[in-house]
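Heads up, the thing below is written out as structure tokens.
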Amino acid sequence: MTRSSDSPLRFALLGAGRMGAEHGRALVGLPEARVVAVADPVEEAAQRVARLTRAARTYRDPLEAIHDPEVQAVVIVTPTSTHAALIEAAANAGKAIFCEKPVAADLGETERVMRVVEERGVPFQIGFQRRFDAAFVQARARVQAGEIGTVEQFGATGRDPAPPSLDYLRLSGGLFLDQAIHDLDIARFLVGEVEEVTVLGDARVDPAIGEIGDVDTTTALLKFVNGAQGVIQNSRRAVYGYDVRTEVFGSGGKLVMDATPKTPLLRYGEGVTMDHYHFFMDRFQDAYRAEIAAFVASLRAGEAPQPGPRDAVESLRLALACTRSLNERRTVRVAEVRAEAGVPS
Amino acid sequence: MTRSSDSPLRFALLGAGRMGAEHGRALVGLPEARVVAVADPVEEAAQRVARLTRAARTYRDPLEAIHDPEVQAVVIVTPTSTHAALIEAAANAGKAIFCEKPVAADLGETERVMRVVEERGVPFQIGFQRRFDAAFVQARARVQAGEIGTVEQFGATGRDPAPPSLDYLRLSGGLFLDQAIHDLDIARFLVGEVEEVTVLGDARVDPAIGEIGDVDTTTALLKFVNGAQGVIQNSRRAVYGYDVRTEVFGSGGKLVMDATPKTPLLRYGEGVTMDHYHFFMDRFQDAYRAEIAAFVASLRAGEAPQPGPRDAVESLRLALACTRSLNERRTVRVAEVRAEAGVPS
Amino acid sequence: MTRSSDSPLRFALLGAGRMGAEHGRALVGLPEARVVAVADPVEEAAQRVARLTRAARTYRDPLEAIHDPEVQAVVIVTPTSTHAALIEAAANAGKAIFCEKPVAADLGETERVMRVVEERGVPFQIGFQRRFDAAFVQARARVQAGEIGTVEQFGATGRDPAPPSLDYLRLSGGLFLDQAIHDLDIARFLVGEVEEVTVLGDARVDPAIGEIGDVDTTTALLKFVNGAQGVIQNSRRAVYGYDVRTEVFGSGGKLVMDATPKTPLLRYGEGVTMDHYHFFMDRFQDAYRAEIAAFVASLRAGEAPQPGPRDAVESLRLALACTRSLNERRTVRVAEVRAEAGVPS
Amino acid sequence: MTRSSDSPLRFALLGAGRMGAEHGRALVGLPEARVVAVADPVEEAAQRVARLTRAARTYRDPLEAIHDPEVQAVVIVTPTSTHAALIEAAANAGKAIFCEKPVAADLGETERVMRVVEERGVPFQIGFQRRFDAAFVQARARVQAGEIGTVEQFGATGRDPAPPSLDYLRLSGGLFLDQAIHDLDIARFLVGEVEEVTVLGDARVDPAIGEIGDVDTTTALLKFVNGAQGVIQNSRRAVYGYDVRTEVFGSGGKLVMDATPKTPLLRYGEGVTMDHYHFFMDRFQDAYRAEIAAFVASLRAGEAPQPGPRDAVESLRLALACTRSLNERRTVRVAEVRAEAGVPS
């Protein structure tokens, strides 16, 4: 992909739902980028996001947008089941690719598609937006600078205000692939690769979730390759709001990324009360913008975007190891999970 | 100003400096608005913001942008000394106006121009962005809903990391007009009009500031018309960063808008440390975007934007009363400050 | 006063009310002290505190306890109106004296009695317990070590949950002598002496407080001798609890002693809520113990206890200056308030 | 044990070390209690605590103090290895017993001695002081009142500033019996009994700790009988201080008992910094006093003190299950650990 350094990069947005609008808003604020096309089977949604992004063209079929000769890069925010095919098509068309996680729920398919991306040499970034939150960015830099010494313990909590619909959950690949994967990726980001996992999980929020073979409340014990110990607790329902807390403890100190108050307002009445985030897109709005800006900056600098194809593969492998530990009620070595492993049945 | 409800409002940005870029970025993210022109005597700056905002045209002379027939609304972010003339020209041309504070350092001039705006019936909003910060918005709603009962005491702190240049200060109208006016406006926003002020002030940060007749460290005692008591402390230099804290205390409780940590990261080492904002545009970035969005929403709804011409006049009057109290070393009734009052000599 | 260094100091507690019990509990935990007598006109109260403190004797008349030859030191926690006479008697009897604030509501009387103390050379400590709170102790040390550079601004808030009875208020000397004096003393402790004050005050909590010539809601503007600026806001009623916050700002940083949560418990529900202190003796319980321990330690070391007679005089003078500013609606120089000044009429 | 309700309970302190002094200080502040004897093989230590507590007699041999006919209750703060024999002697002598944890490192011995206590019918309290911390007390009450609904997840962190000496560790029974037992007991206190545990542990702080067969860094995964999931992370070294954080999450909300700032002082410089506790006796000083007060109150009310013999047994069983999981690298059902299980070899 060659381009003159002073003309903006031309994007197609594949998908015009909530995340499509969000990423469109990020792109429209970047002078180095321009949205030229929006694709969505729902014409009205495509039009709405095209207006928002000043895009000239809309398509119903994302493949047409991929093959639009003016398009240099695509942002894939279509339903998960279509990610792999669209990535593959875009890679074959030589377009730079940003794709919401996951590539696929199947490790074999994910590895295959990531190999296509690598062979074609197109830039690829996977949407783990937390890596672009100012607190996590700074935490990683401080860990790598040795500020907390050798990392010894990791702990994370990830809870959503309420479970998604059963229809959504049926296609989600299960809690670890759909929700916990963000915490698992951050564990890799801050501490390193995981060697083995032991998982407890249950459907405590809604028995219907159990009936479709999924869980809504999980606790994972992690042993990292470097010897550090970790825990991750997830829940599909926190009545008080969105709850993300991460802690990295080492021989030289501790870093905590807590759930901040949503605003600086404190109310003194019966106790002192502050507000809490109720929605992940509120909590991570700046991170969503920053990840798109980082993708654009990588493209302009000619550098490989981060997190890339290997992160897509390894975070999925870890999520599948957790799922297997849950299903088989035993400690699972992450390396056991190989390409032939599919979605949990 | 008539327009079809489905075509975006067409804006000219007058001024292409830091705030011009900021407001441009806000406008470009709003599908209901479009920047069609950017005016700045520095051609390169105008071009840069035009690229950022996808504006088709640039002008060197803001009057030309005002008279561009395609332009329906202007955002004035030119140097303060030009505000009054541009507002007047835009009002006479029937354009909607958003203007950074202040209209002028002179109350007579401010009142005259605001009367032109009111006579022409053009929408006008003055840039007190703090009123759009989520914490202040919520605080006002809670005060008005009676959540803290009768307001009895108000307290505010406003400190900047470092003083601006002497060149800037010479034209600024003094600390109360330039810096404290934000705290004074918030006092009016949350509690109501002020009856009298008693002010202490000194040049403690830099004697050169005293030599040009200004101060850098002030404390104001306020008596509100409704009987509430208030204090505001300002400083031009806080080595630890940007420091804005506001408290409203009433018979039924207390609301505090404290300086939040800049990120959710806590560092445990020698004590527990969190980061602080060092720049007002970081702290209030969302508020800057929200004020522009509110301006656009008011225009589309055909409602008068807030804060409007009367807020421009009354917050200035209050700042001038503080300046007079400082200069004359006495308690000053705000109503003493009439249109004939000019900038502090 | 001579004593062998290995026998404990023998105390009499004058007054067996709530503060008597509190100070008794502090003394009984100190191996270097022993309570040998408790005096209170209410026999039953004296007996109760004697049991608590293992004191051998009770008296109805505090003068008898003062003259008990075994007694080396007295702790005066009788009603305010009796303080001066008991201090004088104890000084004349050569006993070391700890006395709850104030010595008297009258500056002339206070100066006279403090001169007796100084002439007799007996150790004397006045009960400004906040000076022994760990946060204030550390703040003072940091200010004096130059950690925040030159002090430029001081701010304090002092609010009680609810006003005392009108009977109490009638004898209290007014809000500045009774309540604000703690904040005024801390202003002197952390910043230095005050040059002039300007005060707003009103009876907003309860009109009956106004009818007896007192106020319940005040705001004071302070100009310190060293040029620093200060504000203090007080109220007799904070529905959310006891509210003490102090801030010292300087050229090198800022120290804040905020109202801490009462316990480390955070409750996540509708917002995140922490508990608040509702009672000054809870908030300052450790400080009350520490001030008695410091008094005992001073006696054993043969050093003058702090805060001493001059603090009793100067904090009172400052409170009287505030009262005068309130009554005469003008800025008052603290030095105007001389010994002949009495309680506010 | 009979006694007239108006004479104070007469105590012997067995052990005059740091905890002996601490508990002595608590007793001396309670009018319903009196220390009559202190026993310690180090005469000087016994004398020092006797002075502090106004105790009339000292003994070298704790058995003599137990058999002192004036003594009604004993507080056992001798070395751990002597606890069981002293409890048994005191129970046989009909004395009320407060004993620091643990009774013994051996479950069989613990059960045997607790049965003696139960058969003799003497009041017995085990020293899990955290149960008396205001935050934990309130958390338990809120959980039991259903405020957070069904408990679903528990998380705790317990870290000490620095490891004890190797000499101490050799006799300690291992990290789970010595340190983590407090977190395990709180898990039982707030959530209920534990069904199975899976533990990771390593000597990462100091290899010498590994050489004596102990670990210094552990993470435990807990499955509670009621289906809740839990995690506990412990470390023997946190360079930033003492770190205790506990979280209980349920269907109706979340309670967090975080490590509070040590004082209300915030320092604004490079970031905003607050102080941290560095010593468990600072953090839990009030709890240590409250547990003794509760013991005395139970005795006076004729009620069984809490936590009692069953808590001594069950918290030990849980700690032993963790130790076994660590040693055998497998998930261990708590019920597997029976009386015949001894200290980990």
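A, B, C and D label the chains in the order they appear, each numbered from 1.
One rule holds in what follows: contacts are C-beta pairs under 8 Å (C-beta built on N, C-alpha and C of every residue); 3 or more make two chains touch, one makes a residue touch a chain.
Fair warning: this is a prediction, and the values are worked out from it, not measured in the lab.
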Could you tell me which chains are in contact with subunit B and with subunit D alike?
-> A, C
Greatest separation from subunit C - chain, by CA centre = A
Centre distance in Å when subunit B and subunit C are each reduced to the mean of their C-alpha atoms = 43
Intercentroid distance (Cα basis), subunit D paired with subunit C, Å = 38
Return the distance between the CA-based centres of subunit A and subunit C, expressed in whole Å.
-> 58
Among the residues of subunit A, which are close enough to touch at least two other chains?
-> 238-240, 243, 252-254, 261, 267-269, 275
Going by the contact rule at the top, pick out the subunit C residues touching subunit A in the complex.
-> 238-241, 243, 261, 267-276
Touching residues (chain side subunit D, partner subunit A) in the complex = 149-150, 152-153, 155, 157, 159, 198, 200, 202, 204-205, 217-219, 221, 223, 227, 229-231, 233, 235, 237-240, 243, 247, 249, 251-254, 331
In the complex, subunit B residues that touch subunit A | 8, 25, 28-29, 31, 34, 48, 51-52, 54, 133-135, 138-139, 142, 147, 252-269, 275
